[in-house]
Structure formats: C-alpha cells, structure tokens
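All remarks here apply to the structure that follows.
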Amino acid sequence: MQRLINRSPSRPLRIALSIIPFVLILLTYQISSGMRKAENEQDKLLPSFTEIASAIDRMALEPSKRSGEYLFWRDTQSSLSRLVKGVSIAAFIGLIVGLAAGAIPLIAAPLKPLITAVSLIPPLAILPVLFIVFGLGELSKIMLIVLGVSPFIVRDILQRTQELPREQLVKAQTLGGNSWQIILRVILPQILPRLIDAVRLSLGTAWLFLIAAEAIASTDGLGYRIFLVRRYMSMDIILPYVAWITLLAFATDWLLLQLSRFIYPWYHSEK
Amino acid sequence: MQRLINRSPSRPLRIALSIIPFVLILLTYQISSGMRKAENEQDKLLPSFTEIASAIDRMALEPSKRSGEYLFWRDTQSSLSRLVKGVSIAAFIGLIVGLAAGAIPLIAAPLKPLITAVSLIPPLAILPVLFIVFGLGELSKIMLIVLGVSPFIVRDILQRTQELPREQLVKAQTLGGNSWQIILRVILPQILPRLIDAVRLSLGTAWLFLIAAEAIASTDGLGYRIFLVRRYMSMDIILPYVAWITLLAFATDWLLLQLSRFIYPWYHSEK
Amino acid sequence: MNNFIELTNISKHYGDKVVLERMTTQIAKGEFVTLVGASGCGKSTFLRLLLGTELASSGAITIEGELIEKEPSSERGIVFQKYSVFPHLNARQNVALGIEFERSVGLGRLFGAKRKDAIDIADAWLEAVGLSSSAELYPHELSGGMQQRLALAQALVKKPKILLLDEPFGALDPGIRKDMHELVLKLWQENQLTVFMVTHDLKEGFHLGSRLWVFDKRRNDPHAPNRFGSTITFDIPLNAQNATRNHQDLEAIKSEMHIVSTT
Amino acid sequence: MNNFIELTNISKHYGDKVVLERMTTQIAKGEFVTLVGASGCGKSTFLRLLLGTELASSGAITIEGELIEKEPSSERGIVFQKYSVFPHLNARQNVALGIEFERSVGLGRLFGAKRKDAIDIADAWLEAVGLSSSAELYPHELSGGMQQRLALAQALVKKPKILLLDEPFGALDPGIRKDMHELVLKLWQENQLTVFMVTHDLKEGFHLGSRLWVFDKRRNDPHAPNRFGSTITFDIPLNAQNATRNHQDLEAIKSEMHIVSTT
Amino acid sequence: PFTSPAAHAQQQDQFSLCWSIYVGWMPWEYGDSSGIIDKWADKYGIEINVVQINDYVESINQYTAGQFDACSMTNMDALTIPAAGGVDSTALIVGDFSNGNDAIILKEGSTLQDIVGQSVNLVELSVSHYLLARALDSVGLSERDVSVINTSDADIVAAYTTSDVTAVTTWNPLVNEILSMPAATKVFDSSQIPGEIIDTLMVKTDVLQANPNFGKALTGAWYEIMAAMENSEEVRAHMGEASGTDQEGYEAQLASTRMFYSPVDAVAFVNSPELKATMEYVADFSFDHGLLGDGASDSGFIGIETPAGTFGNANNVQLRFDPSFMEMAVAGTL
C-alpha cells in the first residue's frame, strides 16, 4: 500500500475524476430547478435545461425582432472587442512603464510608490472622476479595463525586468551595448513572453471590469445583456451567458499560452 | 558618464523623486477643481480641499444626528470586519483545499479543472443566485469576498505546495513519515508563509468584492457610504473615502508582510 | 554477508528513452560503492530505484533476499546535493523529526518527557557530525557544509541499513569537502552502513569508496542516442592499501570518461 | 609590457564588512592569472572591480596607465558560471550581438549586407570554439559545456584586452572540463589575451594559469570576522616546464587552504 | 435555500419585508428604526423582519425568488418581474405616485421635440423607459426617434457631467441633482402622466390570504408612520438623512411625490377606473419590450385585477390591486 502522497491516478481515472464534480453540479442544479418548478411553474431563478436551450436558441440562432441582429453574437463581438482593446492598451502601458522602471533605476524611484498607490485604489469607487476624464462612450469602458489591470501588469513587468539575471546586463555591457540597445535587444525580447504571462494572469480581472463597465452605460455586450435581463430576472439568459463568459475566458487563456509557446519556445523550455 | 541602466539615485534623491508624482497629482487636482469652480460655483465633481476637509470633519468627527454614531468610523469598522472575516475564510479554504490537492494527487485530479472553471466565473454576474444561496445578511457579503478570492488562493497554494522540492518529501519519507505526518510537519508549516503571500496578493480583489457587496445589500460600510452618496454626487465624501480605502489596503498589506517576517524569518531569508 | 543487495537484470526507461540497461550485480553488507559517470548517464536514476521513488521497468532488486519496498522507507536514508534539510526547522528539530514521526503517529510531534528524550538523541547526532554548537540555528543560518552535515545526522538518526548519497558535496568548497570525507568515512565505519554515493569527482570516488562503479553506455547508436542505456562498465574493488593500483585506474578511467562524455 | 594593469592599495568593503584589503600588484600583458580561495573570500568581488561593476572603496586600478573605466566596457570581456548567454537568441545571434551593438547605434540590429557581414564574423567565432554545427540552436538546446563555449565566443568577438572568467567551468562535468581547458588555452594564446580566471579547482588553477593567486585573510579576528579582508597571500608564477615545482606548491596550498576554510 | 416558502402558503408568524432607498419607501426605514412596525407586529402576534437592500432590482429579484414575503416596488416592475415570474402579488399598500419625481432632462433644447435624434441615457426597461415611451407618444414620436443607452442609476448623475450625454430620463434624487447643474432643462416629467408611476408595497397573494394579520400589521404600521411623517419635520429629517441627504433635499423630493398620507386618498385612487387604464398602458409597454416572458402572446397575457375590473387574461391573474386592507385603515378597524 503506497502512501497517499505517492499515489497518482492513471490517465483514464484522472479524466473520470475530473468530470465527476461537473456532473454533480449539473445534477444538483437539475434537482433544485425541478423542485422550484414543482412549486411555481414559472419560477425564473433556476430555469430548466429546456428553457435555457430555448433562450440560447432565441438569442444566438434567431435574429432579434427589433434590430434583426443575432444578439448573442453581437454581444460577444462587442465585449471581446472591448476586452481585447482594453487589455492590449493595458499590456502596452504595462510593458512600457514596467520595462522603463525595471531597467532604469532613475525611473523606478518616482514611479514605484505611485504605482503601488494607484494599484490599491478601487476604480469602481471613483467612476465619476473617470467619466469626466474619459467621457461615457466606448473609451470609458476600455479605460476602466485599462485602469483595472494595468497597475498589475506594470508591477509584474517591473518585477520580472528586475529579476533578469544581473549577469546578462553586465555581459551586454561588455559587448559594448548602450542602455537603449540593451533595453531593445536584451531586455525587451525576454520580457515579451513574460508580458503574455502577466496578461493571462490579469484576464480574470479584465473580465470583471468589462462586465462592470458594460453595466454602467452601454447598448450591447455580454455584461450589458446580463444586467439588462436581470431587470426581469431572466436567469435562462444569464446562466448561459455566464457559462459562455467562463468558456471565453478559458479559451483566451489557452490561446495565449499556445501563442507564447509557439513564438517563444526558448522561454517555455527554459523553465 | 555612466549608462542610464547603471545609475541609481541616492537615498535623498529617491525620496524626493517619489514624492514628486503625488505632489503633481494634488496640484493637477487643485487646478482642475479651481477651474470647474470658476465656471460653476456649485460644482460637486471636484470639490475643493476645504470642502473635503469639512466633509471629513462631518463624517469622522461629529456624531450623526440620526443615530449618534461617528459614521466614518462605524463604516470603517464594519468594512474591516467583513474584509477580515471574508479573507480569513477564503484563506482557510485556500489552505485546506490547496494543500490537500497539492499534496495528494488523487485529490488534485478531480479538483483542478473545477477550480479553474470556478475561478473564471465572474461572481458579479451571478449575484442573484449568490444572494439566494447565502441570504442577504452579513453572510452574503462575506461570502461574496470568499467566492471572489478563494479560487485564487486555492490555486496559488496548490501550486506552491507542488513547488516544494520533491527532495524534501522523499527525505521525509525516508525519515519514516506517513502522508498525514508529512503534510502536518513538513508541508503545512512551509505553506503558511506562502499563504500570507497569497492573501496579500488577493487583498485588492477582496476590497473590490467588499465594495460591490456593500453597494448591493448593506446598511453600513465604506462601500455602502460611497454608494449611498453617489446619487448626490457627493465627491467631497467619496474622495476621502477612496483615499482611506487605499490607505487601509496599503496598511493591511504592510502589516501582513511584517507579521510574516516576524513569524517566519527562515522563509524571508531563504529567498 | 555476500548478497546483501542483489540486482537482477535491472532496466529502466522513460518512454522511448532507455536510461539503464540490464544491470546485474551484488553488493555485500558494509560496502561503500561510489558511482561516477557522465552527466545524464543515469546515476541518480539508479539511486532512485534503490530508494523506491522509481520502479525498474524490468528486473528485480532484493535487499536481504526480499523484494525492495516500492516506496522510500526509513531503512534507506538519503542525502541530496540540495534540499535535504527542512528550512522551517532548526538543526535540532530537523534531526528530531525522524524520531517524532516514529513515536507520535498521530501528530508527528512529541511533548514533555518524550520530547526531551528525542532532543537528547538528536543532540547526540549533532555532536557526532560536529554541529553541537549550532543546534538552535536554522538551515539558512548554516553554511553549505554544515547543512550537509545536518542532512547526514538527520538521515542517520533512523539507523538506515543503506545510505544513499547523490553528489552530497557537489556544491561545497574543496577545503570543506575534505572534512566531509572524513566525516562520511567515520560515520560509515561507526554505523556499519552500506553506502552508495554518486560523485562527479573521480578522485573523491577513489578516495572514499570500497568499490567504484563507472556508469556508461556499452553500445551507442549515433542516430538514436536514446536507444541504448547505461550499465556498470567498470566495477573496481578499492582499498586504502593498494594506492598505486588505484592511481593507475584513475588515469585509465579519466581518459575513458573523456571519450564518453564528448561523443 | 610589464605594467599592463596596476593595482595600488585596493580595498573594498560593504558597509562594515571588509572584503578586500590593501592589494597592490602588477599584471603584465598576456598573463593568465588564476584565482583560488575559500568561498566568500572576495574572488568575484575582485573580478567585479576589474570589470567596473563595483568601485574600489580606496586605491586605484589602472590599465595601460589610465584609470579603469567605471563601467563594463567592451575592452573587458566576461564569462560567468551561468547566465552568460542570452536565452532568446540562437548561438549565431548571441555572437553577432556584440557586432550589431557596435555597428548599429540606434537599433542595435543590422540588416542586409551589414547583417551578412556580422553573421560571417560570428560564424568564424563559432568555428573557433567548435560550435559550427550548432549555430541555429538556442542556448536551452545546448549542453552546459556548449553554452560556455558560446559565452567565450560571444566575449571574444569584441576582441577584449582582458578576459575575466568567474568559475566558467564550475557547473560542468570533469570530462567536459578538460576540453574546455584546451579551448581556453588555445584562445588565450591565439588572441593574446590577459586572462583572470576564478576557480574552485586548485588543479585547474595550476594547469591553466601562468600565475596563480591565492586569496586569503592575512589577519583574522575571531570575534569580528568582518574586520579584516582578504588579499593575495600566495602569488605563484607558473609555467608548463617546472611541473614538479607546481606539484609541490599544489600540495602546500592544499593543506594551507584546508586550514583557512575551516577556521 | 433553493426552495422557496411553500407556494400554497400556510399560516406563519414570521414575515420579512424588503425595501430599497427611495423617497416613497423611506417610511419603512423610519418604521423599522422607530419601532412602529415591531409595535404593530406585536399587536397581531407576529414578527416582521425589515431588510434594506440598496440595489432596487436585487430587492425585487430576491422577493421574486422567494426570499421575502413583501417588497416595495413600482406598479410596472411588479408586473414585469414577480407577476411575469409566476409570483402572484397583491398591492397591499399604494403609498404614492410619482408627480414629477421622474423626468426627462435635456442639455440642449427646451422642448420634448428637441429630443429627436439624441441618445437618451436611462435605466432600460425601468419606469424611466416607460416614462420616455409615454412622453414620446404624447407628442406623436416613438422610441425609434431616439436611441436608448442603458445607464446604471448609480452613475447617471456623474454621466450627465460628461459631454457624451445630452439627454437623460431618470428619477429623484437624481433628477434634482442633475437639474442643479448649469445646462439642464426638464422637458417632461411624471406630473404630466399623473398616477401612472405608482409606488406600492407588494405582498405575495397566497401569504396574504393565509395570513391576513400580516397585511393588517403592515397597513396599521404604515398609516401610523404616515401620520408621523406628515406632521413632524423631525421625522422627515430622519428619513432624509437615512437616504443620504438632509431634510431640505428630502423635502424637495417629496414635493414632486404625491404621497397618500391618508388611507382615504389611497383607497379612492385604487378604486378609480383610471388605475385599470394605467395598467393597460403599462402592460402594453411591457409586452412591446418583451418583458412579459416568451409565452406571452399579447399584452393581456398576465391578468391584472383592479377594483374597476380585470385587465387581460382572467385565468392567469398574477397582479392584484386590493384596497381592502387600506379600507380597514379608513374604517379604523386595524
């Protein structure tokens, strides 16, 4: 009899084990839903799977009566485009600021305490100030994401830059590189895969802020739809939307990882 | 002339440099506020420092007419108590689940995909379900924090546990330890300082969820007050509250670090 | 006494990669086997088979006639190059841990008189490895050499039949190494251990061992480097008396290994 | 030729801790100085002073009569034990980098014919260190020994006057080391370098150097170990001819160092 | 927790009520903190738990999901959330109607017609949306003539300060805040459709039927609070502070609210035939915007019972206006 800490499940067992919790959750849901439906046929809190399916059908496969659009896809597209823009800007800011501060001590000195302070401010609490600076259009939604995730990315990149082996920077100097050349050819290319890591870590927060932003003022988007239909408690729409967001979050994370593995094989085999 | 990447500011220069951005921000604020006030004396968006001071005075130093309480301090107390409870529960869950899954492969198999999925669900989108499961009392606010941060802590602790050098576990086995003893005497004590790290990293998110929870169902707390006065756009109250939250977040982080340094000196000199 | 440990046709492969190939040998009780060989040739893998953290792909290992336990156990002690001691315990606690595991099944922690007892034993072992004055220090407060001394004390407190050492002094200074050699030889003799020690330093292998093994591939397919595994290519009995013989062997193996490692 | 590098009364301390103490010496052009000494005695610190990443607390270092530059520059090449090559560049790019820095001030990157040129030079150096067939490989695809060869090629492409080596072979296998020794000696002779090499392996020091320095504390205050710093306690001229002399020295220093490192 | 209290409610002696911060519902806060509700609950031998929920929609959702027996909401939300979700609800108390509390405000332009082509920020599918639809209708326009941007009520004041926003429809105190800004013209408000936006206390019909004492206690308490509120500045100051402003601010909101301080007025309002007509408008609007559920084939899919008669499907009545408890208050039999 092996010790518990030494026993690993075989591959088929592992797959079986990993499915079980999901099956259990679905079962629990179905039972709870059935119980509520038995009491109130029109209960909206826990819709049956048929209701959810018909809601998906309505949102994703039939054009909306009012606008003729496939709402689900339009929401997805708007949200993803906001997410991508917001995260890209945040990544760009994170890269520039984090790299500059990480590589140049004279920049780190004034920036570090400021970044710490900014990262601690809850952006949702100062929305009005954000509105006057960025207005209320697409920009403000994107900027909320940027504000939500860029402090994290900046801090992360700053730290990763400072973690690069000192030896490399010394070596680059003995090869005659000046500061700019070293940043461009030694530090930057090594930080890029780490930037992807940082982006992956911050995606959850980005989704959070995206949904919050779409709840503030919007005419489409996954977060918009969730908050809109919340007004009449259409959980049959909310639940598949949430599941979809979860799936999208998972997919973006996975894609970024594959991308990074593909472009930066040296980074992934280094570890 | 030294390369930029080699030049570090002296200590006094560094302090001076780190103060500059804050001074600049305050100045920008004062000028913007002045400009808005010049246009509309009643402007509430960017209150003058005197207005802010008088709001602080009113909230923190004078008892409320209605309840006789010092609102600011009561809000602080309520929020902090929720935060501490929520984060403690999340840390506890994170420790137990993360440690068990990290140390015992048979537990990791079913749990890992589930944890990944749960960590990707945006809790804000399924608020109605959460409130129904946990009610609307103190519990729901605390649970929202727990749901918001425990997936992160679980994943982090799981990873940290698996990162402990394999050699240590082998060594412990050659010393005759069984799984339970090894978890108790070798893994757990080494994970505790890492738990403090994880908690520190998750404090920002915890504040976010606390504020969200207080905005929805609460009768006191820092988030509640901000939400309450937001409809009157009382920025003279909101801004000092936000600054206070930022300060509290900074202080809790700092305290945790000191605590960890004090209890686990071996951990901090290891790195 | 002769067949304390027996290996019969042991092979080990990871997927397609053959690491060890058909090894058959016997080890007598009380031998000090030193293992040398190029990096990646499978020395650590061999120790892991003896330790029980890996299973042989084929073949059998017996100790005193019984099949080896498939998990690490207290009859086989180990010291790695690094991470052999627990950073969260001080020197004394590190050594006492093995006793606590044995005597407190539930908590793995002793109290009161039992604890006192365990501490006494631990202190005796710290004394034996020359760490008496550092009993209260944590590993991070000890030098590399002191940490390895501690790891030895920690392993020996369980009175293992077999002691496995995987480049225990690989990270130490030459000066300090010499002391460690003396210590290991002393502990080996005093505790009637059977020792397997991997080293990168041929001279160390000759100096310490009562028997030296060179691991190498007997066959090599340049187009499929993973096809063949290592085995014991030299098995040299050593003893302190015939130093000249040893010296000749050293030179012979040196040139041999040179070829191996650059092909 | 005699006073290529001059050190005058060099001391280095970190806060209260004195690491190096009043070192005065001269090094001729083309010497191969090997540095040995206990761990932490200040060998790397000494190299850092020569390199310009640290400033001496007092005293002066001159090269060809001029005060040393206070920053690393391309006249002083370096190879560390690890991290000397850039993981994101393949072998050829690693070597070409030094040329690109020189010929493209703005981007540090060459294109077209200029790039072709740089690649040719890089390939010649890869050839010189025996890495021709690995030009397209990334460091993580190279063995430890190949990485150090690459690091040497990368440093030498800048034609430095001084080459600093900080335990360049510390992480390599004994077998591979031997090849590296030959390579370093070859490069030293072919390029008329002045070499400073730190090593933990006394034999290596004797074998490679034209001059061997032992770093040690001349004085020691047991109650204040930080009070006194190291300096050059032995300065032994070596040459391949008088091997016996060298051997005696080796034994003498060995026992000496043993005492040093355990006090 | 997923099972709601039994659909066919039995007698119980513990009840819960939720309310959210709004001018017409602040009396619940006062009733709770002053002990008036406890007093009336004691009188009928029951216990009433009063819970404040900041987020209005969340409070209705929680009520609809079965967490509360009673909840304060508008007539329209009562139709589209609980009634459409199969939770048969009765308007136990009709406390007031909006008489200017909800308004359309333009930055540029002085008449409603100027709104054509503008984006209007409002809480979509709320009474603001309804008000906008009614207003447009009144001048021969339709929703197609504007574009609607869903904007959270919490952010609408701040949103108005940005140049992106040119028109909003919202409620008090947000209306008063926005009107205090330099460029803000009120072009339409709820006083022009009086009696259509009604603030009520909804109670689950089955709970009420099984437990008339719950209805009596609430009604009794409400009108005691009303009396105190009408007569005491101090009480109004208290309510003002609890809603995050002061007495002055609160009085300003009251000015545009037609409070039914006396049950007589409320009873008369509920009994009038206009109520049925109002609910018809509301049902039309809700149906047009898909708020009555997928199954709804027309605006009468859900029956609405008023003293003046039932609108829509009499076999699927889910929303009832029942003046009987308020009548007891008139008669003094509570």
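A, B, C, D and E are the chain letters, set down in written order, and residue numbers restart from 1 in every chain.
In this text, contacts are C-beta pairs under 8 Å (C-beta built on N, C-alpha and C of every residue); 3 or more make two chains touch, one makes a residue touch a chain.
Keep in mind that what you see is a predicted model, and the values were worked out from it rather than measured.
Enquirer: Go through the assembly and pull out the chains touching chain A as well as chain D.
Expert: B, C
Enquirer: Spell out the chains that contact chain D while also contacting chain E.
Expert: A, B
Enquirer: Could you check if the interface between copies chain C and chain D is built from the same residues on both sides, meaning over half shared, or from different ones?
Expert: Looking at both copies, the contact residues mostly coincide.
Enquirer: Looking at CA centres, what chain is most distant from chain C?
Expert: E
Enquirer: Which chains, taken as a pair, are joined by the highest number of C-beta contacts?
Expert: Result: the chain pair A-B has the most contacts.
Enquirer: Any idea how many Å lie between the Cα centroids of chain C and chain E?
Expert: Inter-chain centre distance comes to 80 Å.
Enquirer: Could you work out how far the Cα centre of chain B sits from that of chain C, in whole Å?
Expert: 47
Enquirer: Mind checking the centre-to-centre distance between chain A and chain E? Centres are C-alpha means, answer in whole Å.
Expert: 38
Enquirer: Do you know which chain B residues sit against two or more other chains?
Expert: 3, 6, 45, 128, 132, 173, 178, 182, 230, 233
Enquirer: Could you pull out the residues of chain E that touch at least 2 other chains?
Expert: Residues 2, 61, 65-66, 155, 157-158, 161 of chain E each touch two or more of the other chains.
Enquirer: Two or more other chains in contact with one residue: find those residues in chain C.
Expert: 71
Enquirer: Chain pairs that touch, all of them, please.
Expert: A-B, A-C, A-D, A-E, B-C, B-D, B-E, C-D
Enquirer: Per the contact definition, I'd like the list of chain B residues that touch chain C in the complex.
Expert: It comes out as residues 165, 167-168, 170-178, 180-182, 184-186, 189-190, 264-267, 269-270.
Enquirer: For the complex, give me every residue of chain C touching chain B.
Expert: Those residues of chain C that touch chain B are 51, 53, 71-74, 76-78, 80, 82-88, 97-98, 100-102, 105, 107-109, 138-141, 151, 154-155, 157-158, 160.
Enquirer: Which stretch or stretches of chain E touch chain B in the complex?
Expert: The touching residues are 1-2, 18, 21, 51-55, 58, 61-62, 65-67, 153-155, 157-158, 161, 173-174, 177, 180-182, 237-238, 241-245, 249.
Enquirer: Inside the complex, what are the residues of chain D that reach chain C?
Expert: Listed in rising order, the residues of chain D that touch chain C are 38-39, 144, 173-176, 178-179, 200-202, 254, 257-258, 260-262.
Enquirer: Provide the residue numbers of chain A that touch chain E in the complex, in ascending order.
Expert: Residues 32, 35-36, 39-46, 54, 58, 127-128, 131-132, 135-137, 215-219, 224, 227-228, 230-233.
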